[in-house]
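The same chain A turns up in both complexes below, where it pairs with chain B and then with chain C.
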Partner chain A sequence: MSKVKITVDGRVIEADDGALLIEVLLANGVDIPHFCYHEALGPDGNCRMCMVKLQGAKRPQIACDTFVCDGMEVSLKDPEIRTTVQRILELELINHPIDCPTCDQAGECRLQDYYMEYGLYDSSFENYQKIHHAKHTDLGSNVMLDQERCVLCARCTRFTSNITKTNELGIIGRGDEAHVSTMPGKTLDNPYAMNIIDLCPVGALTSRDFRFARRVWFLGSAPSVCHGCDRGCNITIDHDRPKNGTETIYRFRPRKNERINGHFICDAGRLSYREHNENRQLQIIREGQSIGREEALEAFEQMIGSQKRIMILADANLYNEDLRAIKWYAKEIGALLFVPLESYRDESFGDDWLRSSMRAANARGVENMGINREVSGGYDIDVLINFNHPTPHMIAAGEFIEFQTHQSTNADLIFPLAMFSEYGGTLTNRDNITQDCMQAVNPSGMSLSAQEWVKLLPRRS
Partner chain B sequence: MIRDVRIVSSRFGLANSHRLSTVLMRGAYDSLPIHLKRPPEQIVRAVDESGLRGKGGGGAPAGEKWKLMPRNSDTPSYLVVNCDESEPGTFKDREIITRDPHLLIEGMILTSYAIGANHAYIYIRGEYKSFELILRRAVDEAYEAGFLGRDIAGSGFDLDITIHRGGGAYICGEKSALLESLEGKRGHPRLKPKGKEPEWYFGAPALVNNVETIASVPYIVMNGARCYRQFGTAQSPGTLLFSLSGHIERPGIYEAEFGVSMMEYIERFGGGVKGKKKLKGVIPGGISTPILTAEEAARATLDYESLRTLGSSLGTGGMIVLSSEADMHGVLKNILGFYRHESCGQCTPCREGTSWSDQIASRMLRGEATMKDLDKLLELADTMNGKTICVFAPAVSGVILSIIDKFRDEFTERLRP
Partner chain C sequence: MSFAFSPENLGKIEKLRSRYPSPKALTLPLLWLVQEQEGYIPGEAFDAIAEITTWSPMDIYKSASFYTMLRFEPAGKYHIKICRSLSCTLCGQAMLYRHLREKLGIKAGETTADGRFTIERVECLGSCGTAPAMQINDIYYEELNTLKLDTILENLP
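Showing the complex of A and B:
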């Protein structure tokens, strides 16, 4: 496709001939107001917020229905455009409840952002009657709807009709009576439903799971990768920061990656953040008693002895760096190493979009490293060391040492293991794409990552 | 002096004019044996040369639209007749489908043949339930007589007609909203294409024309473009079924050629303003057209060019006559109430603008408004103009601006300080 040059408020931008203007502007960091356009859903042209002045055009034009051509001169700062956007924004707001203090979207709301940029006027709608619609409606699938906050951009309805093709949502009623609703006899019920919460540019759709939990401006964010299956969907981890006194993780949000998950993640992956906060193993435990690290490492040394036959199991959700360290350690102490993958397979989970039946984030990494992926034949084992593999009990052993993220087994010696949000590393997804995950929070309790533990573990004497 | 011309309404006066047996003796379907054997391009050329203009309100040349339909394409083409007649002050299409439905069907057969469509739809307004029954019976009669279905009049041409009743939305008269509705979706207008192209029905090219436009086709095909052009003006050839309503002695529809004087038409057919009161204004072509004062109406002739010069539009030709009795506050409130109810709600300026305008008009009607409200109304009219997907909001804008502008004193008088 041939390249053309356009001018945006004096700045020259190069773009593909015939590209959609709003896409060119957004790709070049031009902050153009918009509600209905979304990269994953395309233009709809209903919000009329992305007004631009085009040289030679009589009236303001919407950037989401304008295609660039060579020499196009675009202005967003033109006074006429600013007035137009301000007036259209005012119309979006007249029937809006303006309940920001109790609205969960506050802080990440486009209406607020645009009001600060284009509005800043007093209401001239005084003494007029606002149109009222249903509030705090449970649509199903953890999605709450407040029809009064809605700007009717139709992103949510386009998601259910064009992307999931489940068609649960529609816009009902005409004119100022128009509102989003579930279709008669339907509830929102699909494994990707919560994506409409992120798509919603305002506070109309909020997460039943996250709402009222935390103001978003208190949260820090770290880029990571979902561990729900081996798809490797990119996520953002939103969490409290140490200065807040806690480091609770509040939510996962999808992070755009065109090669893997586009703009979306599944609800199961989104809600898997809970595992980081619940039922965590925080202390080192021997025979039901909490003990110190030095004492535990001494106990470990005694248990592995010098002649015992040792088997190590590892979790296929561990980072490549962890697996590499464990593999090295297994060789050092002459232990057998297995990462049985069959334990992670769940055919009922997979679908033809993002969800994969292999519910282990680094299954491909295990394969690439040449680690045994199934336990075949009988082994006579004295000591089993498990790095958080979910089904250690398939191996019978005299002694059992466990590194675990969550309280589950009653091993002889238990070490707390950090979750993936608590340190950084890389994962290799099913398509052999290796991706970075950043640390979001500090390891909880006495937990350390597998690679940190391995550094501390004694060799055989 | 207004000539009597009856192109579309020639059989309206007959008893049982909606029955095939009546109109068969009076020329109905006579065009088929001749013209379904000739090349379809001839019909397109005749319509193009006749200068026939779309009679649904826009007044765009019909031939231009017909020529956009692809020839010999692999995908089927469709004809969709727009019978979603909802513009207040307009009731001509319903006269055609109840008083001479076979004229419409004949026009549809010729048009479908011309554009290569084997399936045609009539999208009829939801409220036209009783009229639909008459139309449906006529379609059945045409099937029975072999004018519809396979091998029409021995020509080898096939055509099926499906009548589809809308759900009662004004906006479905907008052709792209009509097609969305016909596809089973919400009747929302589509974004307009950048270049000239046909409309699309399930991805196939479709021609959307008004009932009266299609009903004019048999005359043009039978008598030729030149014959049609002897009526009307050079730029607005032919005739229109004008509707008359409001403060008028004899409301109704009366066919006349384009270019006749508006006041002469109102006197001759409508019997003048009701109760011989003074004329206050005329809404010339359905409520979406800017109002004319009595002085402007006196200068107007009934054609597209004259009304455009006066800053209004001929629209559907549905004239609403207002006598000195009319309270412009009431007129404005009535019109804006309608628009508020009928805005499809897709574009923000229209959805919220019509709603707020209506509230302001109510306040002005009650005498509770101040100058600030009036200014806001004018500002809203400006915001609604030219910033939406379809022409609904710009029409509302034009209506508000014309009424306030031309009767400003009446409005300022009732404002509170």
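Showing the complex of A and C:
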């Protein structure tokens, strides 16, 4: 495609001939107001917020329906445009409640941002009775609708009609009665439904799971990768330590990656953040008693002895770095190492979009490292050391040492294991793409990552 | 509850098909047929129309909700549609509406407990020359006043 030059408020920008103006502006960091346009959903032209002045055009034009051509002169800063956007906002806000402080979206709301940027007018509706709409509609799939906050941008409805093609949502009625709705008697019901919460530019759609849990400006964020299956969807981990509380993970949000998950993640992956906060193994336990690290490592040394036959199992959700360390350690102590993958297979989970039936984030990493992925034949084992593999009881062994993230088994010796949000590492997804995960919070209790534990573990005497 | 087009209407639908370039264009005629057949548009009809038109049921529901003359709940035996647009307003529709409300004990959008009457306030009925006007079901009543209104209601079977 041939390149053309346009100017935006004096700045020269190069773009593909015929490209959509709003996309060119956004790609070049121009903060053009918009509600209905979204990269994943395309233009819809319904919100009229993206007004620009085009040299030679009689009236303001919407950037999401303008295609660039050579020499195009665009202005967003023109006073006429600022007034136009302000008037559109004023119409948008006629019936909108003015209570941002009680709205859960505050701090990440486009309407709030635009009002601060373009609004700040005195209302022309002094004694006006606002039209009221339903405030807490449970649409299904953990999505709550506050119709009074909706700007009718149709992002949510376009998600269900164009992306999931499940068509649960529509804008019903017209004029000031228009509202988002499901079919009579039906609910929002698809495994990706909660993405509309992120798509909604305002506080109309919120997560039943997260709403009013935490003010967003308190949250810290770390880029990571979902561990729900081997697709490797990119996520942002939002976390915080409330006053007098412990570090908590509040939500996972999708992080854009065109090669893998686009803008979206599945609901199962999104809600898997809960596992980081619940039922965690925090202490080192021997025969039901909490003990210190030194004592535990001595006990470990005794248990593995010098002559015993040892098998190590490892979780296929561990980072490549963990697996490499475990593999090295297995060789050092002459232990068999297995990462049985069958335990993670769930055919009911896979679909033809993101969800994959291999529910282990690093199954491909295990494969690449040439680790045994099936336990074949009977093994006569004295000691089983398990690094969080979900089905250790498939192996019969005299003694059982467990490194676990959650309180699950009653091994003879239990070490607490950090979860992926608590340290960094890499994962290799089903398409052999290796990705980084950053640490979001500190390891809880006495837990350490598998690689850290391996560094401390005694060799055989 | 279920909905099915009557055999007679199925015949009409076949005839209608040839009038439009694509089945998608049948949405409004089919909504009308349902309302004629049932007196309103039951939820199940969205699925039936969706199947014929190849839209999704939500598309049908959205379109239907745009038109105030399409109803989603059964109306009373006598569906009174009283005009509230300009000419009728100048000629006293507000008084007629108040009279109706007092007489029947219901507001616009409601149906009497015995299921006989529903009142609805509608936009211009295209009968401005003989305002104020109303419709009861499909019949027009024009140049109304409260006296005339009483007689009309009393003479209904």
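Note that the second predicted complex is superposed on the first by the 456 of 461 C-alpha atoms of A that agree within 3 Å, B and C clash if a C-alpha of one lies under 4 Å from a C-alpha of the other, contacts with A are read in each partner's own complex, and residues count from 1 in each chain.
As a convention for this text, a contact is a pair of C-beta atoms (placed from the backbone, for glycine too) under 8 Å apart; a residue touches a chain by one contact, two chains touch by 3 or more.
What you are looking at is a predicted structure, and each value in this text was computed from that prediction instead of being measured.
Asker: Which partner does A:R174 contact after superposing on A: first (chain B), second (chain C), both, neither?
Answerer: A:R174 contacts both chain B and chain C.
Asker: Quick check on the superposed pair: does A:W328 touch chain B, chain C, both, or neither? Answer first, second, both or neither.
Answerer: A:W328 sits against neither chain B nor chain C.
Asker: On chain A, which partner touches more residues: chain B or chain C?
Answerer: The partner that reaches more residues of chain A in the superposed model: B.
Asker: Classify the contacts of A:P184 with the two partner chains as first (chain B alone), second (chain C alone), both, or neither.
Answerer: The answer is second: A:P184 touches chain C but not chain B.
Asker: Going by the contact rule set out at the top, does A:Y121 touch chain B (first), chain C (second), both, or neither?
Answerer: Neither partner.
Asker: Please write out, lowest number first, the residues of chain A touched by both chain B and chain C across the two complexes.
Answerer: Common to the two interfaces on chain A: residues 170-171, 173-174.
Asker: With touch defined as at the start, can you tell me which chain B residues reach chain A in the complex?
Answerer: Residues in contact with chain A: 169, 171, 186, 191, 194, 340-349, 351-356, 359, 372, 376, 379, 383, 386-389.
Asker: For the complex, give me every residue of chain A touching chain C.
Answerer: Going by the criterion above, the answer is residues 160-161, 167-174, 183-185.
Asker: Taking the complex as given, what residues does chain C use to touch chain A?
Answerer: Where chain C meets chain A, its residues are 43, 46, 56-59, 61-62, 65-66, 72.
Asker: Can you list the residues on chain A that touch chain B in the complex?
Answerer: 43, 45-49, 51, 58-60, 65, 67, 84, 87-88, 91-92, 94-95, 124-125, 128-129, 131, 151-152, 170-171, 173-178
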